[in-house]
Structure formats: C-alpha cells, structure tokens
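For reference, the structure I am asking about is given below.
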Amino acid sequence: MAVLSDLVVVLLLLTNLRLLGSSRIVACIQTVALQAVVLSVITLASSLSNLTPAVVALTLSTMAVKGLLLPWLLRRAVRGVGVGREVEPFVGFTTSVLIGGGLLGFSFLISKPLLVSAPPGISAMLIPGAMFTILTGLFIVVSRRKALTQVLGYLVLENGVYVFGSSLAVEEPLLVEMGILLDVLVAVFVMGIVIFQINREFDHIDTDKLSVLKD
Amino acid sequence: MGIVLLLVSIGVLVLGSAFCAVASRRSRWANQLGGVVAVAGAIPAILAAGHVLWTGETEELRLPWAVPFGSFYTAVDGLSAFFIMAIAVICGLAAMYGVSYMRHYAGRKNLGPSWFFYNMLFASMLLVVTARNGMLFLVAWEIMSLASFFLVMFDHEKEEVREAGWTYLVAMHLGTAFLFALFLLLSWQGKTMDFDTFGVPSGVASGSVLFLLAVIGFGTKAGFMPMHVWLPEAHPAAPSHVSAVMSGVMIKTGIYGLLRVLTFLGEPSTWPTWWGWTLIGVGAVSGIGGVLFALAQHDLKRLLAYHSVENIGIICLGLGLWLVGTSTDNPALAALGLLGGLLHVWNHAIFKSLLFLAAGAAIQATGTRDIELMGGLLKRMRHTGLAFIIGSVAICGLPPLNGFISEFMIYVGAFSGVTGSVTTGATASLLVVAALAMIGGLAIACFTKVIGVVFLGEGRSDLAKDASEAPALMRAPLAIMAGLCVLIGLLSPLVIPAIEPATRCLIPNSTAYRNVGGMDLYSLLWRISTAFVVLIAFIVGLWALRRRLLAHRTVQEAGTWDCGYAAPTSRMQYTASSFAWPILDMFRFLLRPQVLQQRPSGLFPEKAKFESHVDDVFRKYAYGPIFSSVAWLADRLRWVQQGRNQLYVLYIALALLTLLFWKLGVAK
Amino acid sequence: MTVCASILHVLMALTLSPLLLGVINRTKAKFAGRCGQPLLQPYYDLAKLLRKGAVYSRTTTWVFRAGPMVGLAAMLLVIGLVPLGGVRALGTFPGDLILLTYALGLTRFMTMLAALDTGSAFEGMGASREAQFSLLAEPVLLLSLAALAICTRSMGLSDIYGSLHTLDSARWVPTASLAAAAIFIVLLVENARIPIDDPNTHLELTMIHEVMVLDHGGVDLGLIQYGAALKLWVFSSLLVGVVIPWQIGQPVLDLLLGVGGIFALAVVVGVVESAMARLRLVRVPQMLAVAAVLTMIAIIWALR
Amino acid sequence: MMLWSVILIPAVAGCVAMVPPLRAIRRMLLLLGAVWHSVAVVWLCLSPAMTAGDSWIALDAPGKLFLVIASALFLAAAVYGLGYLRKEEGTATRGAEEGFLFRNEPEGIFIGCLLLFLASMSLVCICQHLGLLWVAVEATTLASASLIGFHRNHRSLEATWKYLLICSVGIAMALLGIFFLATAGRGHVHGLTLTRLISSATAMDPVWLKAAFILLLVGFGTKMGLAPMHTWLPDAHSEAPSMVSALLSGALLNCAFLGILRGHAVLVAADLGVFSGQLLLLLGLLSMAVAAVFMIRQTDYKRMLAYSSIEHMGIMAIGVGLGGLAATGAMLHAVNHSFAKGLLFLAAGNLLAAYSTKEIQDVRGVLGRLPITGCLWLVGFLAITGSPPFGLFVSELTILKGAIDSGHWITAVLYLAALGAVFIPMARHFLPMAFGSSGESSQNKSCPLEAREPAWSVVPPLALGLAVLAMGLYVPQPLWGAMREAAAAFGGH
C-alpha cells in the first residue's frame, strides 16, 4: 500500500521536473492536467481505509476540474492570446531542472523536523513531495516571463497544497473542499479574463511590460 | 472659585472660537467678534489667577472623561496661576491689537479661521497649565501646537511661510514624541495618567532619564538652543499679534512643563548636581547663541525671535542656579535663581510682546520686514517708537525697568553662590555671571542697532518715508505693556509676593531668599527702587536745568554735521550690516557669516556694497545634512519596489523560507 | 562720621572730577615739553558750554536730546554707589556692583542711540565700535569685581573694599593685583584714553567716543563732558580702592588718601598717554581679551 | 438568521445587479444592500452575544468589530460611489497619467462585484471554520479584482494582475498553514472550527503549530500588506477608483488581519503566544520602516496613502504582538485607521476629480479651490498621523503604553522613531497640497478654478471624519469594553 503511494509521489516529482524542463506552454498545461490526475489518485490512496462517498465525489470533481476544465480553459487562453512557448525565461530550462534538483533536496531538508512529529500512517515521501511541488510552483512563477506560465505556476503551487491537504489533513468537510476547488477555478478564470484584457490593451502578455507601476 | 472662573473663561473661548469659525463668511464681523471673545475670555482668567495668587491655595476639580487613562482633572496652584496670569494678560492685549491689525486683511482674506485658531490657542494654553492628567495635558498641548501652526500658516500663499510651517509642525511633533515617552514612564503601569499618581518608576528608569526627556521634549517648545530651529522660522511667518503671543507666552509653556515635571522627580535634595549644570549649559548656549544670531539678522521679526531664544536662555540660567542650589544645599542660590527665572518669565512675556507688537506696527506701516529699508520711523510713529525703545531698554536689562530686576536677582543669586562656601555652586554661579554679562553687552549692541536703524536717522527707502502712525487701538496695548515694564521695574518688592505662591510649589516652606548677603530681599529691592527713583529724579532735574539754560538762548535747526560734506543723504547712514559686522567678525568661527561685498575701486568708484548674511548654523550644518542623507538613503532603497511581479513573489518565498529556517531551526 | 565721609566723597567727586582731566592734560603737556593749558581748563570749557545756545540737526529726535541727560543722570547715580577705599559709598547694598555696571551700560546705550539718531555715517561707525568694545569691557569689569567679591566673601562694593585689606595678604594680593590690572585696562577703554582712543584727535575715522558726540554742542556737550569726567572718577576710585594697600581706619583721612590716590592715578594715566602710541583698532579687542584672561586667573586664585 | 442575511442579501443583490437588463435599479440595489447590511449589523450588535459553540457561522467579538468596520465603511463608500458612478457615466474617460482615452468596465459588473465583495468580507468576519475562512478570503480577492480594474486602462489592468497573482500565491500559503493546523491537531482535534482548535490547542504538536503560524502569517500577511509581502498594495490602491481604495485599505486589510488573529489565537491557547507575538512584532516594525522609506520620495498621493496603510497595518501587528493592553489598543486602532483612511481616500477621489492628476506637486491650494475637501484633507492628515484630538492618537498612545508597561523598550523606541519618520514626509507632502494658491501648479490650467463640491462627495468623508474625532474625544466604556473583549480572544486584556 505504502509502496503504491510512494510510487505515485515519485510520479508527482517527475511531473514537476518536466514542468521545469519544458518550454512549450501546451506541454506544460498537459503536465499540470496529469498532475491533477496523480494527486487525485494520491487522495484515494491515502484514504483507502475509509472510502466514503464524499471522498470519491471530491476526488472525481477534482479530477474533472483540474484535469479537464482548467486545462481546457488554459488552452483556449493560449489559442486566444497566441503564444506558443515561453521564450527566454529569467532562468534557462536546463538550469531550472538543475535548480529543481536542488529544490527537491531542500524540500526534504525542511520536511525533516515536520516528519519527526508527523502523524503516523503516511508515507515518508509525501511531505517532501508536497513541499517540492509547492516550491516548483513558486519557482515557475518567479522565473518565467509569460503571464500564462505564471498562472500554471500558481496551479502547480495549488496542487502541492492540495496534495498535502487531501492526504495529510483530517477529512475536510465536503463543502470546504468544494469551496477551495471553486475558488481555484474562479481564480484561474479571472486571471484568464485579465490576461485577455491585458492582451487587448497591449497586444502581448509579456509581463516584462507589466512593470509601469513602481516607485 | 478660581478654577470655576478659569473653566468659564475656557468655555467662553471655545464657544466663541466656534462662533468665529461659523461667522467666517462675514470677515470683518468675525474679526470684531474674535477680539471681543478673546478679551472676554481673558478677564475671568485674570481674576482666577489673581485670586489664587492672592489666597495662595490650590483649587482642583476632578471630572470623569471617557478616554483611556484620561480624566478631566484640572487644578490651579501657585505655579499654574503664575503662568495663567501671563497668558491671559498677553493674549487679551494682543487680541485688542490684533483686531485693528487684521482689519488690514479683512478684504482679501477670510479672518474667521484665524480668530478661531487664536482663541483655541488661548484656551489650550490655559488648559495646558491647569491640566493634571497626562492625556488631558497631551491633548491640550497638541491642540496648542496645531492652533499656533495654523496661525503661522495664515499667509500660506507665500512659499517661505509654508516652509516655516512645516519646520514648526515637525519640530513640535518630534518634541511631543519625547513627551509621550516621558508621561508614559511617569505613569508606569498606572491605570490612569493623573498627575497625582505620577512618580519615578523605580527600577525601570532613573530620574535622570526622565529629566533629559523633559528637557528635550519641553525644550523643543521653549526653544532651547539646539532644538530652537523652528523658532526663527515660525515667528516671522505669523501675524504680529500671534508672534507676540507665541514668543511671549506660548514658548513659556515649555518652561512650565519642565517645572511641573520636576515636581514629580522625587525629593529635591536627591537631585544630582549635573541637572543644574545641564540647564546652566543650555541656558548659556541659548542665551549667547540666541543674541549673537539676533545681532546678525536683518529681518526685524526674525531678530526678535532669536531674542526669545536668548531670554529663554536667561530663564534657564536662573532655573539652573535653582537646581544647583537645591542639590548643593545652598538655599539662597536656589531661591534667588528660581525667583529671578520666574520673574523673567513674566518680564519677558511683557516686553517681548511689546516689542513684537511695536515691530508689527512698524512693519505694517512700511510694508517690509527688512530693517535696512526702514529708518527714521520715530518721527512718523512717535508713540510706537517710544514703546519700542522702552521695550528695548527693558529687554537689555538696563535700569530702571523690569528687565533689570529679574536679571539682578539671578545675578545676586549667582553672587551669593560665589561668596558661599560650596565650590560647585561657585563655579556654576561664575558661569552664570559671565554668561549674563556677555548677553547684556551683546543685547545692548543688538538693540542699539535695531532702534538706530529702524526708528532713528532718516528713512532709508520710500517705504519708510511715507509711513504713518498706527491706529489708537493698536497703540493702547503698547501703552499698557510699557506701563507694566515701568511699574514692575519701580515696584518690584510688591511684585515678588505674587510670585511666591509659584515658588512655594517648587521650594516648599523656604524663606531663604529673605536673606541675601545679610540683607532681607525686600529691603534690598526697596533700595533698588529708591535708586531707580533717584535716577529718574536726576533725569527730570537735568531736563529742567537744560530747559532753564536754553530758555533765553537761540536754538536752531541745521543739517547733520558730516565733517564738511555738504549734501549728506539718507543712503550715507551706517547700515545694520556694517554696524553689526565687527562683532560678527569676532564670532565668525561660530556664526560663519557670508559676506556679500563690492569694494570701491578706481579713482572715482561708481558704487560699493557691503552686506552680511548669517544662516542658522544648526539648521544648515546639523539638521539639514541629516535629513538630506536620510532622503538619499531612501532613494537608494527604492529599487526594492521596481515593478516586477516575479521579484515580488520572490520576496514572499524568501520571507517564508527564512522564517521557516530561522524559527524551526531546520538549519541545525 | 562715616556718613559724612561718604557725603564728602560724593561732593569731591562732583566738584573735583573735571580737575582730573586737567591734571592728565598737564602731565601730557609737561612730557611733551609744552607748558600746556591751565589746570582748570575743563571748568572753563564747561562754563562756556553751559552758557551756549544749541544747534540741532533736522534728522534728530528727542532721543538725541535725551542722550546726554540720561547719561549724566546714570553717572550721578553711580557716583552715589562707588566707595573709595575705606570710605563707604553713599548708598550700598548687596549686589550694588551689578547696578553700577548696568548704570554704566545705560549711559552707553543712550550715548549710542543719540549718536545713531543723527544719521551720520561717522557717528554710526563710532557707535558700532563702542558696542564692540564695551561688550568685552563690561564682563571684564563685572568679573574682576566678582573676583574681589569672592576674595572677601561679601557682595556689596563698600564691604568688599572695606574688608579687602583686612584679609591676610597671601589671599588677596595676587587676586587684587590681577583684578587691578584688568580694571586699569577697562578704565583706559571706557574713558577713551590712549592707547585705545585719542580724546583730542581730529581724525573722525579713528575715534570712538569722541566721534559719537560730534553733533552735540552747547549744554548737551557740557553735560556729556561732565559725565565723562565723573566716569573717569568712578573708575579711578574703583582702581584706587584696590591698589592702595593700607587703610587708616579714620574715614576722613582715608578719603584724603583715596583722593590723593585718584590724582596720582590721573598722573599715571597722563604718563601712559604720553609714553604710548595709539593702538590699531583691531588690537583693542585683543587687549580686552588679555584683561579677561587676567580676571579669570584672579577668580581661579580667589576660588582656590 | 440575521447573521446569514448579512452574507446572503448582498450576495443575492450582487448577482441580480450583474443581470444586464436591470440597469435601472442597479444603483438602488447597491444602496439597499449597503443600508440593509448596516442595519443588520447594528441589530446584531444590539442583540445579545451568541456563543460560538461548534457552529461554522458565529459572531464572536473580533468578528463583530471587523464586521462593524466593514459595514460602516461600505455604507460611506456606497453613498460616495453612487455619485461617482453618475459622474463616470458616459462613453470614455481620459486617463490621469498618459491621458489617452479608455472605457470603464460595465457598471453592472462593478456594482455586482462591490456587493459580492461586501458579502465575502462579511463571511470572513463571521465564519468560525478556518477552511471556510480561507475560502472567504480568497473570494474577497476575486471579487475585488474586477473593482480594481474598473478603469480598463493598462495601468489598472497591470495593478489587477499583480494583485491577483501575488495575493493568490500568498493565500495559497495560508491554505497550507491551515492544513498544517489540521495536521498538528490530528488525533486530538476533528474539524477546523476555532472553538475546537483552541480548546485542544495544548495537545497539539508545537513544531507543526509554529510552522502553521508562519505560513498563515506569510499568507494572510500578503493580503494584509505586511512588509515584505506588501508589494501589490501601492499599485492596487493607487489605480483603483477611490472608494474602492477606501474599502480595500479600510476593510479588506482588516479581514486579512482577522485571519492572522485566528491563527494567533490558537497559538496563544497553546502557550506559543510569545513565538507568534515576536513574529508579529518583527513584521510590524519592518512594515513601518518600509512605509517610512517609501514615503520620503513619494510623488503620487494615492500611493502615499497606500504606504500609510502599510504603516498602520504594521502598528496593529505590533499591538497584537505585544499583547495585553497594546492588543486592545490595536483593536481600537483598527477602527480609527479604517475611518481615517476611508476619509482620506474619498477626499483623494475629490482631488483626483478636480485636478485630474495624482502627482503631488501638481496639486496646490486645495483649501482655496475645494474648501471642504481641503479641510477634510488636513483633518485626515492630522488624524492619520495620530495627532490629538483624533482617535488614532488614543490608540497609538495605548499601544505605546502597552509596550512601555510591559518593558519592551527597544520596540517602544523603534515604534516612536518610526512614527516620527513617517510623520515628517507626510507633512512634507500633505501640507503644500492643502495650502498655497492653486495658481502655482501646472496642471490645473485645464479645469475651472472654482470646482464645485457636490454633497455626495463630501458628506461621506465628513461623517467618517466626525467619527474619528469622536473616537478621540470620547471612548465610552461599552466601546472600550468591546475592544477589550475582542482583544481577549487572543490574549489581550
């Protein structure tokens, strides 16, 4: 059982590395979708012992929203905005992957004291995995130029948090989980709208140009 | 009875000021109203102060006030009454003057607000000296600062006025910050901030810390030398009757605060001697520095403002002697220093307001503040000129006026310290004597300059040549104040008892001053009064003699003897710059004067020019650099906010990781 | 008895003080090898001036007329305050030295105003110099008197001078001599004697006191000159009280001794005037600074 | 029931307002929503306090406090907004900076989002369940995003974008923190309602608790505008319409603060109050310093106000961090600051309308041209800098007294220094704007010298100003008691 969940976590790590490595935005979107599937599997795996309908519903809806709806939205955005790939990010892709390795180690490091007093019965890989996903998300937001990529980064971050929540935290009431999911959905939706409008205002979404407001 | 009267007057003032604000649509009407309100407020306050000074007993009143730590706890004791008297008299007289002075603006400006703030200033000053609760005091204190700030801003169309206002506000605010700390320490862990719960928090902060906080906080308001920078900016900017009030009484509230706080600092005998030394040092610096800077000014009101710094210095010297006396157990030194200092508070209030008001009249008549453009005004403004000369004689501490009395008492105190046995007292006293003598000489130089250049000789510009005497309503206060100068000068033994209640708040049951060098203080003062009377008698006698001698002789008019030069013009008169230059030159190391001069050259030189200008060295070489360097630093730091989203998110991430690292000890 | 002596002293001061000027002039004349003006010349001048009419500049105001009167009145007051050696002053009280100094200040103040009232460039110049020098001279005088006060532990001039010689010499001699030197310098400055100022020069640019009274004439000038004479008497008696090292204890004799001393001092001044040249104006402050230092030393010694 | 109405009525009204054909009743809806909300809140305050129990929705003392603030401020903003929208109505407006034309977003969406914003803020105030709290806070972000982007020029869009991204990322951290809390309580606590967490706080695992608080602090701190996570705040406040800025800085920041307070309460209950207090102190002082630094050379008066909000958030954080008396002061300060800042932002809106510039040096002589606004501007300046007789003086002094009485000398000194350091540049920038003659500045040749001040533009700020003044002169016992009660929720007294 633990082996299975460990393997899934490893899969999660790999998706992160792929995100760091690839420059094509569509590919990234697919990866994020894949990640969504993976983490819903994790949720299932972590609560196999007591499989309530609520959990199932939640997992399915997560898969639906994060795995299908959001990617679809984002792809539309990509088509609408018409940017294919992330050109010249602040940090090159090879470097990003290397840094990703570093982040992985780092996340293991900061997870250690937490693991010491972690509640029993969860795989040792999970906390570092979640941490690593969160860090990856942050890193993408920080290191990429395109607004769309940053949205993706935000999604990855969100996924990391979600992994943590759904697997570690006690069974959340369905309402809250749904609320969280809804928020994420709307957030991405609004971001998409803003990106559209920005695109209309200055026919590009290169966030470099979005630094007029400063001191 | 006294306190009730006082609250009545405060009420009158607050209500009246509200009416002024409402009436601001009709400017002239608001002007009349404001003056009336101020006078109406002054009368009960004077009665209250008089009553308390006469009976000498403290009256207090406690009302609840729903503000944390606050209560409406007011009391009038000798010290309060002493200051109330000064405040009420000066504010009332200045208001009379102001009505006529402001009429001049009625067409162009809306006078309602200005009177609103004037009366608020008056009321808040009364409240400051009667408040017995920290919150109440601080609120009154800040209202006082703000009201005076808005009065300073009266002419806010002028750039320099706005600059002055800013300087003033900032100085006041920073000073008040120290007062916050001071009061909170005094009321340490108290549920309320009533004064009767105040005390030195043992084990938390020593009395010396509190003393220094008080000296800085209140000194900023009083204008002690390093913190005085706002004073020469703000006073010239304000309308003259406001300058009179600010310089005459408002800065004295700083002295009041210092004295009041000293009463919380435990048994006087336990005070360290260096407190007294501090005050004496501050006093010497403020006194000499103030008069030196005054000597260098060409702006009449700026000059007078610097003289306020000087006189605050003199007061400080007196108080310093008091502290040294108490701590070295030299009662005569203490009592005389305190009496002299307090009397000088009154005297300075009178003659400095007198000077400001007279100066205001001259400025309104000529339309300039630059003394180099005035001259010969005594012929056109006889009464104003006379008042100004009387004020000058008083402020120089010359007999037979009131200035001499207070300085004399400080001197005598110092001498009794010198001739005493304790040497610390002696050294301090000698410092005081030297400083006072120095100040006296410089003051004489400065005021001969002012009178000579402004009122004597011939008009130096057309502005001065067609000046005309001020209206009666403006001259009446001058007359009253001048009369007070003479009265206090001649009848000093009758004035001292009015100060004793105040001193009793600070030196309980001390009659030390009854013995000065083996003579009772009162009989000593009576002798001085006799001497003054004799002096006046001589003058009158000589005047009669001269009249008899000239009775049957020819008295004719002619041009000034100019060593054979036929056609002297008014431009050939000695300028203020030239008059002051030798002295400025002696002190150039301190004043750093900038000379603007064009030497005569060639056989038939066309024109020559000499002008000296002195900036406030503290503003220019101390505060200015600090401010600009901070601004520079801030500029360097602005790249932090440079518009990149990525960077901003990075900040968040870094903050998070650092905190996790630091707090969870992951590092180790 | 002592009171009679005091009154006598005042009367002598009022009557004899112009004679001092005469003595000084005579001494200078003798040194110059001239026979010089009669001793009583100052009296003749005064008498003549008082009989004259007056010419006033159109520029001037009442200040110009008040100047001489107030000045003289203040000097008369001072005469009543100054003791002469053992002879007590007419009026004395603790701290009268302050009144004395400030009365002199009043004289100076009014003289300067009167000078400025004429609007003449020269008189303005004179007033400016007067202000500069006097602001140094006044503290020196006050502090040197303070030194004596410390020495004798008393605050009234008469007590100071009366008790000075009763102390043991080791305590008062150094202080007194230093103070005396300082007072002598102040005397020269305040009374416009060479080497500070030349009372009978005719070059306005170089003058201090004289230039301030250029525009006065007749009665006013008379009052001024009489005032100047009294001023010389006052300073002389302040100095003599210190330098004459013994007192008889018999007031009238003390008075005669003191007056003798004053005239001797006048001769000394005359000698100095004929022996020395006039200093450059820039040197005067330095001279006063020296005096200040002397008083400082005197005080330190007294406090020791 | 009443409690639910506080959320639902605005929410429904908002949704209705978004329906295109209803343009007629739209503004009416806005007003109704605001008025209803405030009526309901008053009713709630008067009705006896309910015990939170285990319910998700309950009105405890801190929630009540912040709810009152939000409601009052929203009412003022709504009244102001009606006039504002009437003015903005029309095809296109000219941008203040670059001066090109742009089209505002549809009024329906704006009003709708305003009401939804109110609803979500009310939810934040009254919800007792941390997960729900997070949902609500994120909802406020989403609702306010389109308010900030009301003028669809590229400056406001940029601001919106930054706001969205930074806040979403930050809030995500907060969510993680909440999960950490849950994990810390695993085995002892079930569910994330405050009462449960607090009751069994001592049994929780300290390491996870600490980590949780750090995450909450950083996450909600981003929303609250604590340095160094404050970066979105100046942009958003300067680009949003003025009454939106007023809501953001007066109500929204408080809501975020409430999130931190909840976490702090749990830690206090677990005897880790010192730990969380220290962190709050640290970030508070840092925020004050940052605000001071960026005010010195500020050229845009709305950004200036934004930085002052950062400063005051710092002050509140310090107060709460100190605990005890200071915490009570912080609660008082929250009220005072919201009103004063609301007043200033609304006044700033009038300035922007009259001078059509945000540059400080182009605005001169307001007293001459807009007398009432000028006075309000000065009053606001004095109030926000904590001069008597205004409320902020009382609260700032209370916090200082708390610091001194508890012997936090360094904090007290730094706090005073920071107050001074903020005052100087503010005076530098505010005074020349109010005073002087309006002929001096370059811009205002364009618009008429005697601009008129309609009632809607001065009455709301005037009301707020009077409120602040009253708070400074009269803090009745019930009010003070309420503050103490609110502070008591996290170790104040």
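Here are some notes:
By letter and in written order, the chains are A, B, C and D; residue numbering begins at 1 in each of them.
Going forward, a contact is a pair of C-beta atoms (placed from the backbone, for glycine too) under 8 Å apart; a residue touches a chain by one contact, two chains touch by 3 or more.
What you are looking at is a predicted structure, and each value in this text was computed from that prediction instead of being measured.
Set side by side, A-B and B-D show the greater C-beta contact count at B-D.
Chain centres here are Cα averages; for chain A and chain B they lie 69 Å apart.
In this assembly, the C-alpha centroid of chain A lies 100 Å from the C-alpha centroid of chain C.
Spacing of chain B relative to chain D, judged by their CA centroids, is 44 angstrom. Our note on geometry: chain B versus chain C, Cα centroid distance of 36 Å, whole angstroms.
Each of residues 161-162, 165, 169, 207, 211, 234, 294, 297 in chain D touches at least two other chains. Among the residues of chain C, none is found touching two or more other chains. Counting partner chains per residue, chain A has residues 113, 138, 141, 150, 207, 210-213, 215 touching two or more of them. Every pair of chains meeting the touch criterion is listed here: A-B, A-D, B-C, B-D.
Across the complex, chain A meets chain D through its residues 113-114, 116-119, 134, 138, 141, 147, 150-151, 154, 157-158, 160-161, 164-165, 168-170, 172-173, 175-176, 179-180, 182-183, 186-187, 190-191, 194-195, 197-198, 201-202, 207, 210-213, 215. Contact residues of chain B toward chain D in the complex are 66-69, 135, 138-139, 142-143, 146, 153, 156-157, 159, 162, 165-166, 169-170, 173-174, 177, 180-181, 184-185, 187-189, 204, 627, 630-631, 633-635, 637-638, 641, 645, 647-649, 651-652, 654-656, 659-660, 663-664. Interface residues of chain D facing chain A in the complex, by the touch rule stated above, are 129, 131-132, 134-135, 138-139, 141-142, 145-146, 149, 152-155, 157-162, 164-165, 168-169, 172, 175-176, 179, 182-183, 185-187, 189-192, 205, 207-208, 211, 234-235, 238-239, 294, 297-298, 303. Across the interface of their complex, chain B is touched by residues 50-61, 63, 65, 69-70, 72-74, 76-77, 80-81, 91, 93-95, 98-99, 101-103, 105-106, 108-109, 112-113, 116-125, 127-129, 131-132, 134-139, 142-143, 146, 149-150, 153-156, 204, 214-215, 218-220, 223, 285, 299, 303 of chain C.
Per the touch definition, chain B reaches chain A in the complex via residues 638, 641-647, 649-650, 652-653, 657, 660-661, 664-666.
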